[in-house]
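Chain IDs A, B, C and D follow the sequence of writing; residue 1 opens each chain.
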Amino acid sequence: MPYQFQPGRMYRMPTHFGPSLGPRQGEAGRKFVNLESPKITAISVSFLTNQEQLEELLPEGFEVGAEPVVTVEVTYITEIEWLAGRGYNTLGVSFPAVFNGKKDHAEGSFLTVLWENLTEPILTGREELGFSKIYGEIPEPRIYQGQTHCTASWMGFKFMDLKIGNLTQLSSEEAAALISKQGSDGTLHYKYMPKTGEWGKPDISYVTLTPSANTNRVVKEMWRGEGTVQFHEATWEDLPTMFNIVNTLHDLEIKEYRGAMMVKTIGGKDLSDQRILR
Amino acid sequence: MPYQFQPGRMYRMPTHFGPSLGPRQGEAGRKFVNLESPKITAISVSFLTNQEQLEELLPEGFEVGAEPVVTVEVTYITEIEWLAGRGYNTLGVSFPAVFNGKKDHAEGSFLTVLWENLTEPILTGREELGFSKIYGEIPEPRIYQGQTHCTASWMGFKFMDLKIGNLTQLSSEEAAALISKQGSDGTLHYKYMPKTGEWGKPDISYVTLTPSANTNRVVKEMWRGEGTVQFHEATWEDLPTMFNIVNTLHDLEIKEYRGAMMVKTIGGKDLSDQRILR
Amino acid sequence: MPYQFQPGRMYRMPTHFGPSLGPRQGEAGRKFVNLESPKITAISVSFLTNQEQLEELLPEGFEVGAEPVVTVEVTYITEIEWLAGRGYNTLGVSFPAVFNGKKDHAEGSFLTVLWENLTEPILTGREELGFSKIYGEIPEPRIYQGQTHCTASWMGFKFMDLKIGNLTQLSSEEAAALISKQGSDGTLHYKYMPKTGEWGKPDISYVTLTPSANTNRVVKEMWRGEGTVQFHEATWEDLPTMFNIVNTLHDLEIKEYRGAMMVKTIGGKDLSDQRILR
Amino acid sequence: MPYQFQPGRMYRMPTHFGPSLGPRQGEAGRKFVNLESPKITAISVSFLTNQEQLEELLPEGFEVGAEPVVTVEVTYITEIEWLAGRGYNTLGVSFPAVFNGKKDHAEGSFLTVLWENLTEPILTGREELGFSKIYGEIPEPRIYQGQTHCTASWMGFKFMDLKIGNLTQLSSEEAAALISKQGSDGTLHYKYMPKTGEWGKPDISYVTLTPSANTNRVVKEMWRGEGTVQFHEATWEDLPTMFNIVNTLHDLEIKEYRGAMMVKTIGGKDLSDQRILR
């Protein structure tokens, strides 16, 4: 007797061994509370660029938000419940955007690409949530004489350097004020999955939203400082699956840096509130 | 102006940086010929198991083929064109199956799971082709005193050992005879992609076929021998995203080994003949 | 003109490119202060074993100290100055011992073996200091539901699991009391380097001491708890350069656990006070 | 009772767990024959440089040999007996030199530095043989459209690119003629080990020789071609333990390329004929 999909349970390829195991579903269907974990250190640098360069990165239905400011953020995550306490790191590039769909309207941060150094969250993020996750080596940051230096590479080619320093810790009040100011609907994504055999046609293509509410996340510490970021030009031989991505980011004009942040948080959510926008 | 998808070109997340780069599409849309490359060494061990255990691994529409014989195959691939000459390794578990769809009928090898040690082919294989690829560490085989020992692990937990030895090389005639005997329609897969937000429901769920024709692949050398294979029981803590897969394979009864093979091939295809079966 | 060794500068193979770069000598001979760094999290489990089993691990001139209690300690180190802010991890096995030399007498902790997951400190530690350092994969600990799980492996073979939990943080007074109680002369090592060509004979064989004084190290937080540790039996094929080490540790009888500790420290020293005992 | 060193057996730190395991001594003291293994693919590029630049890399007693031609060689080694059939890769830089000692005279290839991507052979090579081995990431070569591209990196910083192409296979006669022409006494090294505590003074400093005779090594295939090699300038932050080495090699003037070679061999020796020159 072939197997039947269990109703109400999530699946992911291979589906043949029972319901999937991932951030939103553990053994026997249990949920992860993300209450005292994960622990995240997020390090980011922002810069003003050209409105036109960002427009070219937006799918139909989107426009650039308030100001063409790109944020490059590296996160170092530990104590992840669904990975039985292991961690991984990410590198994301986003900017403010507005989505005007047939039905939905949303303002938020458009996540153009998110490198992660572990395959499992890449698969769950792409397939379940529509995050544009791809693989990159993201070693622990180097911290030396007041400077934090983050890097990303692929098979020995370093494609990014991000450095922050001159950090000043914010008081709880300053941090709270800053957080409350960040009013947005959340993070915007474009989910796309090709149709097998009909090359060039999608089976899935829609916008998704990660709502900004994140009730279990607690900001523990916050610093403001200065920073720089560089994407390094690559050839097809260097990065045969993503030299186009890295070179586009390399080409973004840095008109003016808009500061750097370091934020340490505890707790989170399983992102099961991710939803499609039409 | 938001970007437009270029007609006739393949895309993959992130779609914002232009057409995708992968096995079936290079820079500026060029194709890879796979004529003198890649080079593959495939090492496999087969065993007879219980018909009932295999049936439980089949989605609706499938039944076990001629005999419940499982083949565990490890491949070591080098000189891959679309990776600019790099390589990667795979570990697959398959058995003969028959698909009786509403429209299509096919007999072939059902690929239950394929571990690969590189994220990029995992993404293209899952999304474009419907291969049930997941990540595993698959180091180069150890070859010592006539025995080849293949292993696979994840974050320090070794979940598989496969050993072959007593190899006898086949003559060209023997090899040709063996290859021609392997009449099948190809490799069968079940592609599944979840729908964001409606957890438990798919956006994509269909059977796909890798047709067996592979005109550029040339078998250079072939050996027959003896071998053993073991999947090691794991806890959720050991393998939090796949202990169910490994333990199901661990539980397959090995009634009788059916020999081992080592095959070296050159050349291949880009699998753009992959198609949906209904 | 061949090069001359610069007087007063340290060297390490290859000596041909100028004075060495390492923990005790940077560019142009500068020293590292180790004042606000490195940051170390040390996790340890202790157990009572047989006096006789430990005696067999001691070179001539040594005897087991107060009590045959083995401590297995894993450390996770970040912000290391001489590595320009990078980090690495270690796994050490030690027990109390007394050295009665011809000239020197010392009581301290005898470090039987120290695995590290980075080659550079292994080389400097072996050659300059006489630490018995060898290579092991030591990933970040997994922290899940109040338990911290540390592991070590080599090429996919996991040879150690150490788990601690039920942690209670010590007050500053308790911590200070505990630290002051640990009176010892330091850590004892046996440095040995073979003579090329006269196999079986040493060029170097002497005892070295890491004096316990570490004025720049500040204990920031300290926890006491419970823990367990297991070394896993290995074959020569699994660990061809160290199955003897791992199996000897596996064979140590665990008569009684003597508690677990987690300690976070900042600052250290460059170990240039390491000296030979005769 | 403390342990005694067993006479006639080799030791390496830690000495406390019995005789060492390595290339020249296995379990229970057995030797490795290296008859049908290891398998080595060696890829090299040579260039003419300045005599003066090479002289500065030579310790006292040495002078540059016939011609100031540097050879950069990458080797990919598999089926190594003492590693139970595993492999590793190396990157060496050498040039012809003459050693005029008080007692010995030798002409051969002076190995200035040898990167390896595995710690165990680095330790045995440095301590037992006097090879100037250090750690580097040396991934499998990329082979694409007739070009072989070798790289080396450290923690994400790629410090070397070596490319060969236009390969022409030599006949057995041509290969034999070329091999017989390479008359030399072997490979020359400078072994140096510091004395603990007396920083700047050595415990060991002597010249060693790897005699050229290698009776079990069989050249299977040999190609001649063209190639280029580049060492990339690094900062202390990039390569804090070896930027001096890489930058010195970067600075070597490439006056003229002297061709490239690819050689595949089977079999070798355990290098127990390594000896001290005085």
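Definition applied: a contact is a pair of C-beta atoms (placed from the backbone, for glycine too) under 8 Å apart; a residue touches a chain by one contact, two chains touch by 3 or more.
Here the structure is a predicted model, which means the values were calculated and not measured.
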What are the mutual neighbours of chain B and chain C in this structure? A, D
Select the chain at the greatest separation from chain C, using centres from the mean of Cα atoms. B
Inter-centroid spacing, chain D versus chain C (mean Cα positions, whole Å): 30
Distance-wise, how many Å sit between the C-alpha centres of chain B and chain D, to the nearest whole number? 38
Residue numbers in chain D touching 2 or more other chains? 83-86, 139, 142, 144, 149, 155, 237
Chain D residues touching chain B - in the complex, by the definition given at the top: 37, 78-79, 81, 83-87, 139-145, 147-149
For a test of understanding, state which residues of chain D touch chain C in their complex under the given definition. 1-4, 7-18, 21-22, 24, 26-27, 55-63, 82-86, 112-113, 119-120, 122-123, 126-135, 155, 190-197, 199-200, 202-204, 206, 208, 236-237, 240-245, 248, 272, 274-276
Which part of chain A faces chain D closely enough to touch in the complex? 137, 139, 142, 144, 149, 151, 153, 155-158, 237
